[in-house]
Each structure stands twice: as C-alpha cells, then as structure tokens.
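Think of it as A, B and C in the order they're written, each chain with its own count starting at 1.
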Amino acid sequence: MRNYVLTTLLSTVVAVGMIGTAQAEVNVVTWGGAYAVSQQKAYGDTWKGEKINWINYNGGLGEIRTQVESGAVTWDVVDVLPDQVRTGCDEGLFESLDRDMFAPAPDGTPMDKDTMNKVPNDCVAPNIFWSYLAFYEEGTFKGEQPSTIADFFDVKKFPGKRGIHTWPNALIEMALLADGVPIDKVYEVMSTDKGIDRAFAKLDQIKEHAVFWSAGSKPIELVKSGETSMSLAYNGRVGAAVLNEGEKLVPIWDGQVVEEQWWVVMKGAPNVEAAKKFLVHATAPQQQAAQAKWISYGPMRKSALDLIKANEPWHHKGVNIMPHMPTREEVLPRSIFADPAWWADYGGEISERYTAWMSQ
Amino acid sequence: MALPLYATPGQRIWHYLYLTVCALVLFFLVSPLIVVIPLSFNSAPFLHFTPEMLTLDPDGYSTVWYKSLFGMCDAEGASLWTSCTDKWKVGAFNSFMIAVMSTMLATTLGTLAALGLSRDHVPFRRAIMGLMISPLIVPLIITASGMFFFFAKVNLVSTLPGIVLAHTILGLPFVVITVTSTLVGFDNTLMKAAATLGGSPIYNFFKIQIPLVAPGVISGALFAFITSFDEIVIILFIGGPDQHTLPWQMWSGVREEISPTILAAATILVLLSIVLLTTLELLRRRSERLRGISPA
Amino acid sequence: MSTSPAKPGGPVLTADGTPLKTSLERSLKLSKLRALGLILPPLVFLVILFVIPIGSLLTRSIDDGLSNKVLPKTLAAFERWDKTSEPDEAMFEALYLDMTAADRLDLSKLGTRMNYEKSGWRSLLKITARGLNRIDGPPYKPAILQLNKRWGDIKFWQSLGAMKDPVTLGYYLKAVDLKYDGNKNVMRVKKHNRIYQMLWWRTFLVSTIVTIGCLVLAYPVAHLLATLPLRLSNLLMICVLMPFWTSLLVRIVSWMVMLQQNGVVNDSLVSLGMLHDENRLAMMYNFTGTVIVMTQILLPFMILPIYSVMKTIPPSYMKAAQNLGATPSLAFIKVYMPQTVPGVGAGCILVFIVAIGYYITPELVGGKDGRLIGNLIAYHMQNSLNWGLAAAMGTILLVAILTLYWVYDKLVGVDNMKMS
C-alpha cells in the first residue's frame, strides 16, 4: 500500500516536472506592467518563429546564476539591468553573441556603431533607454513653475512633499547636480568621500519632506492624490499617464538620469538558436522603433530613433511620442548617463549609507 | 457570563467596557477580510467605495474583475496596465498541484512519525519530536536560504520536485502534531480487546486504529495543504518560472499595484478558507464523538 | 502468560524457559526497533532536506576560501609585508603570477567578494585582468601601476588582511556593524554605514510591541471565549480562526486597502469630518503599518494558548475567593490571573518567535522604516548576492530563535502544542 502510494507519487512528480520542457519555444524573461506589454506588441506579435513564453521577473542575477551553475537552465532571453549585464558577462552567465548576425542600420552602419552608448561586451544586444526624472501635476504651483532638478530639491521655492525611491541609484547624481556640480564632473565628485558627503547633505534638505516609494506605479498616485507636490519616477510611467490616460503631468527633463537596459541570452539556454534569432528580430531598427509606439522608452539604436522622428505621430494613440523620449537631442545636454561601472564598485556601500539615512 | 442581578453600577460599566473591547478586537481580526469582498465587485477600478456602491446602485457593482481573473476579458476592455492573462489560472493550477503532491508526501511521512512517536519506549522521543516540529519554528527566510544553497548543489532549484519536497518539510510538523494528539486520547485497551477477540494485528490496525486516527490525519493533511497552497517565501527563493503559484502571482501584483483583480482573487481565497475551516470543525466534532470525549 | 514454576531464589522464567528479565528486555528492544522503524523514514527525510540545508547556511557564513584559492602567492607576500610601507616588487610579482594563473570566472567572483571589504576592488581586478597580456615581464610593479594607479593606494593592499584566512568571522562582524582592519583587529564600520545594529534593535522592538499588543488584545477575548456558553463561543472562535486560515497575502492586501492614504479608514475619517483631507494618517508603508498588520496576523497565536489555559480554570475558584470577601477585581488579579500565566507565557514566546523572523509582511507594508532583519537577509540573498553575510545574519537569527524555542519547550513542552 505504502509502496504503491510512493510509486504513484514519484511518477506524478517526474511526469509533471517534464511538462513544458519538451517543445521548442523561446522563454523570454522580462519585467512586468506596461513595459512587458509594449515588448509583446512590438517584438512578440511581429515574430513569426517559435512560440514565445513571456516570463516575469523582478531583476537580479541570483536566479540567473543559480540556473547556469546548476546546469538546469530554463530561460533563454533575459532583459537585464546595466550593472548585471557586466557582472553576468564577466562571470560567464551569458552567451557571447556574434556581432555580425544583427541587422545593420538602413545606411549600413553596423549595429554596435548604431547604439547611442558604448557596447560594454559581446554578451549584449541593444534594448532601450529609460530614465529617472522629476515631475509634477499642472496647476500645483502658482507663478513660476519648476524646471530644473535644483527646483526639485528646493522646498522653499516650491513647497510640498517630494516622492523619492527607496534605493540610492540616480538620487546621488541628481543631488550633486542640484548642488551645482557640472554634468561632466558628477562621477568624478562621486568617487570621493567628500563628494558623497556633499550629495547626502543635499538630500538632507528634502529629508523631512520625503515620501518614499518602491513600486513604479506609486509616484503617479502620490502626485495625483496631492500627497506630494513633486516626485521622481520612471519616465515611461509619466509618459504613459500623459499619453494613455490623459493626465496633466509635467516631466522635468533637466537632470534626468538615463539608464540602459540590455538583452542577453543565458549560457546554455535550452533554445539557444531560436533565442538568437529572436534577438536579431527584436533589435532590428524597425522593431526597436515599434516598441516606442506603446511606451515612452527610448530605443538604443540611433536609426530607430530616426525612424520615429520621421514618422510622427508615432504613438499608437495618434500623438507625437518624441516629446516623451528620454534620449531626444534637446534634453541630452542636461542628462546624465548612469555609470554602471561606478555603481558596481560603490553601489553596496552607498546602499548601506542610504538605508541608514532613510531610517534615521 | 451574564452579569449577576446584584452587580454594582461600577461592575456594570466594567462589564460593558469589557464586552466592547472584545467586540472591537474581533472586529479588528475580521473586518479587513470582510471589506475586501464588496470592493472586489466594484465596477470602477478603485480600491475604495464609490458613491454608487454606497447607495447600492446596481451600476456600481460588476463581476468584471472576476472575469479578468479567469482570463475572460475582451481584448479591447483590457487597458495596457492590466493586461489580460491566464496567469491566475495557471497559478491556481500550479498551487493546487504542488499542494496536493506535498500534502500526500507530508501526510504519509507525518503519520508514520506520529505512529512511531506515540508508541511506548521510544528513545530520544522528546528530541525527535522537537526536530519534527522545528520547521514550524525556524523562520521561513532561513529555511528558504538554507534550502537554496543545498538545492542548488543537487540541481533541485527551479524544479517542481524541489518545491514539492520543500513544501513537504513545511507540512510535516502539522501532520505530526495533529495525528499525535489524536493518538494521545487513543485507548490502547481497544487494541488489546481486539487482539483478545482474535483479530490479527494488521486487521486490528486497519479496523480500529486507522478509523480513530483518520480525523487527525485528515486535519493534518488540511493544514499541510493550506500551508503549501499559501506558501510564498520558498517559491520566491527556489521556485522557477514553471512554479509560479497563486501566492506568487499575488505577490508580484501587490508589489507593483493592487488592482481590483487581486481583490477578486483575495475574495475567492477568503471563501476557500471558510470552507476549509468548516470542514476542520466538523472533523474535530466527529473525532471527539468517536473517541467518546463529549464536548465539555 | 503463565510462568514456569521456578526454583526458589532462581530467576523467573517464561514458558520457553528463558528468564523473564531477558524476555522482557528483548520485547522492549523489539518494540523500540519497531517504533524507530516507523520514525526513521520521516526522520531521514527531514535531516536531508531540512537539517543539512540549514547546516550549509552555517558553513557559508564562515567560508572565505576563494581568496586563498585565487591569490595564494599574493596573500603569502602580504604576510611578509609590514602593512605600512609602499608595496614592493615581490608583492606585485606575486599578484601578476596569481592573476595570470587564475580562472576568469573565479577572478570575477573574487572581485565581488573583495569589493565588500573595500569599494573599488571589483573594477580594479577587472581592469587589471584585462590588461595583463600587455605586460611582457618583470619588473611588474611599474607595469601594473600603469594599468591602474589605484594599485599604488596602500588601502587596497591593507584590506587584503581581512580576507587572508580561509575561514572568517568577518560576515558575523559585518552583521553587527563591525569589521576587521588590515591586521585583523576588530573595529566599528564608518558611522554613516551602520545599519545592522539598528535593524536588530528595530526587529526586537517591533516583535516586542507586537507581542505586547497581541497580549493586551488577546486576553479579554480569550477570557470571553472561555466563559461564554459553548455554542456562542464556537461562533466567536470562527472569527478568531478565520484570519488564521486565510492566505497571508490576502490579509496583507486587505490591510493595504484599509490603511493606505486613500484607504477605507482614512476615507471614512475624512467623510465623517473627523480628519481634514490634508492630514490623512500615514498608517501604511512605515513602522506603524508593519506593527498593525503583524499584530492582526499574529493575534490568533496569542488567543489560542491563553484560551486553552483559561478553559481549564474552574469558575468556582473566583466564586470561592469572592465568598471569602475579595472584591471581584481583587479576586481576578489575585486568583484568576496567576493561573493564566502558562498560557500567557506560551503565547508570548510563540508570537515573539514568529515575529522576529518575519519577512513577507514588512517587505510589503514596511516602506522606509518598517523593514526588519528578515528583509535584509532576503536582500543579500537575492539582490546584492552577498550570501556569506545573509548566511551569517540567518545564523544569528536562528540561534536566537532556537534559544527561545528551548525556553518554550521547558515551559510548555513542544508535544503539548495543539492545532485549533
């Protein structure tokens, strides 16, 4: 009797464990919300190859490392953050990708020359730029309107609470910029103890007025409900609120911190060939541009941005998307491109200090 | 508990104060669960009561979130933010499968342990019992971290067997406790009487011990089931994309934004808990009746 | 059952002639074996899948073998160094030899590990590893300094001291805001970076507040349940047990709906005019939120043990005390309450043990200042990947809990634990 039960149990376990590993498909692991939807529309619906399984994750190298080290890789393509792209590639967690397989720009420029930033290694395929920026709702302030990152830190001139996130990325850069550090000197200043002290001293000025958020949907809610007069947010969330929901939110592009987002293929991915084919498809200028129809994140390839510019109104609701692109020329002089190498070195220490600062 | 007739006004005040406090505490325990139910029928995507709802206008209520929960929404109606997915269905299926398998394992192993532990002359009884119950005491975050390191070495991370085995460990203490406590009240003379009457030990075991222990086994199994069904920490640490369960789905939803769809899922789970609770209560009564313990 | 007639003074014999003592011993042994046979499968299962994994946590927390594996020569050269003068050619040569021999993956992992001791190691190792093939031969010192001038910074070299041994207590030190300096003396970390002591304290504080809160709320309810007629008390018991049986995430979601800025509680207070719209109470995503939600979630753990003790106290005791002249309140305090102490103790320890290991609830409702030590363990497990530190924090927490569990066992006995 007991043996019978155990045998049945074990065979069920084995049988169910095998479901989902047999067919050839591509497992694409990415983030949630409107961002995932934009990818499904731009890359998924236009893809003629294998079935795509869209899988949700919350970032981090932990699961990736476990899968590769245990040899039980179930993911194929992953959408990763810039510092993880570097660490992961160094640790051999990602496949190195043949640069020639990717489609060149219409004018023949090879892909790696077509990106707006330097390609860090051979593991990556271009994806998007997104940014942290400040925003407020129209009508919140009488008279002069906030227009710079310094205004965000100035609670005397622009009263009200400020929404900021619960981790230090971008905030250190913004604080120094608001404190008058020239854009090209920000990382130099940040690499000294004094510079970090200076950034925290600036943060101290809004400490009492800070409301902390961690979910991307929260800032819009904070500003719309009037709990805060301004907040930092992901630019795509502000764009979506304006473009899709018709909210009257005003982004402050000055002092935005732009972050990269890359595609990679897992080392030992079960469907490695299909995964590569999918990336060739997803990184082609046409597809890169198509993503911006659904969300206001900037394609990494210049030729994709040109395509959007030439074909406005590009957004699927029939409005211009360029005013919401974090990488358009007009805003670049006052934008900081986040330095993943700096964050890889100092991120741990700064996070500790920020956590301590937050809860004092 | 009624107040005696000769109570002084002071005593009366105390008594009513006491009843009020008790009522408030019970309200504190239950009210959040109750509030979720009407809100899940909100026709607007808000998490508060709309004026239409308060005036009991039928237009204020709808089952649209339940439809989206079951993946039955029309493509046009779904906004970009709440994309229409079958993830809830898949999650519920995964949760159910994992819970069933781990419950079967935990029940088998737990019953064995309890039968062994309640015999006479068991060496190290106390220590073994302590060990068996320890998965209940050790914080899940520690269990999950330890299992993550160990399971990674033996390739069990991100696999279904890995999750089932981990959940079995969590369910085991419940079965051990419930079955042991039914056995504590077990009258051993019944077995001796049966033996005297000529029954073989195996026959007696199935005919006498099993029916008496059954309620304990079943309620232990229910505990193990709900533990696995509701478990999230282990899933977060060692589960892979193929083990996305209902709690995982809620967790990732709650971290991003609480949508009314989550409230619909919550309502269903509240109803499920009521069903389980009722089952358990009926079992308990049956067990007491069988063992001849009258409800005091 | 009959024993054979025994010689006077000789041992009592059983029917087959063996002494009764031996026979009894044998049957006792047999029954022990049978019991163990039943216990063994679940026990082995538990040891392999639970005890060993938790043991692996312990080894993780003190393991520091990687630096010795990758940089053996460099660490040997470090030992010979006086720790204050400028590093000499021999040290750079050792470094060059180690790094050229090292596996690329190991080097990358080591960079991550060394970065815990001093920020900057990660990029320093990476840049150097990339440039090694441009060095043709000795002298190595100028060549490596050319690759990156930070190699001239003595602080990097000094930080090697903290990782020179294959077994380290460094992660435990870190878990209480201490660290090794280059000579392995224990010192405090920089003031701005001290977070762990505060988090341990906060975890303790939250657990204590929640325990006391639960006790205050549970006592009257347990008393009511114990003294009401059975049918009524069974009905109320369902109110107590229902949250117990409802998914944890559902309860958290419910509280978010109740307590958030635009939640049911704030909305009601505003519409009743008891609160101005601008002054809505912040009860969620902070310390208060964590305490309120944890109290509700853990309340049944307090009510049930107190209730089961109160149920056994005969009402006649109170009556007797009052007949002897005590006022009802005096009788309650002097006669009734002391008898409930075992239940109160059990409930308090149970709630406290469960509370200090909490992770999910503070993660979702804790916000800026309501997160506990469990959240930091998860953070280091999943985000920063500092598994050594996570393991050390987990071990400290585990020892604290096992101590309390042991106390609980002494007071109540684990085998007295009952469900529902």
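Things worth noting here:
We adopt the following convention: contacts are C-beta pairs under 8 Å (C-beta built on N, C-alpha and C of every residue); 3 or more make two chains touch, one makes a residue touch a chain.
For clarity, every value in this text was computed on a predicted model and none was experimentally measured.
If each chain is drawn as a node and touching chains are joined, the picture has every node linked to every other. The chain with its Cα centre farthest from the Cα centre of subunit C is A.
In whole angstrom, the spacing between the mean C-alpha positions of subunit B and subunit C is 23. Averaging Cα coordinates per chain places subunit A and subunit B 38 Å apart. Note: centroid distance subunit A to subunit C, computed from Cα atoms, is 33 Å. Counting partner chains per residue, subunit A has residues 214 touching two or more of them.
Residue positions of subunit B touching 2 or more other chains: 148, 153, 255. Residue positions of subunit C with contacts to 2 or more other chains are 262, 381-382.
Partner subunit C is touched in their complex by these residues of subunit A: 60-62, 65, 87, 90-92, 166, 200, 212, 214, 225-227, 341, 344-346, 348-349, 351-353, 355-359. Considering their complex, residues 79-81, 83, 97, 101, 104-105, 108, 148, 152-153, 155, 157-161, 164, 240-242, 244, 252, 255-257 of subunit B touch subunit A. The touching residues of subunit A, counted against subunit B in their complex, run 2, 5-6, 9, 12-14, 16-17, 19-20, 27, 29, 32-34, 36-38, 40, 53, 55-58, 63, 66-67, 69-72, 74-75, 214-218, 240, 244, 294. The residues of subunit C lying in touch with subunit B in their complex are 28, 31-32, 34-39, 41-43, 45-46, 49-57, 60, 217-218, 220-221, 224, 227-230, 234, 236, 238-243, 245-258, 260, 262-264, 267, 296, 299-300, 328-329, 353-354, 356-360, 364, 374, 377-378, 381-382, 387, 390-391, 394, 397-398, 401-402, 405, 409, 414-415, 417-420. Those residues of subunit B lying in contact with subunit C across their complex are 1, 11, 14, 18-19, 21-22, 25-26, 28-33, 35-36, 39, 47-49, 109-110, 112-113, 115-117, 119-123, 126, 128-135, 137-143, 145-151, 153, 165-166, 168-169, 172, 174, 176-178, 180-181, 219, 223, 226, 229-230, 232-233, 236-237, 247, 250-251, 254-255, 258, 262-263, 265-266, 269-270, 273-274, 276-277, 280-281, 284, 295.
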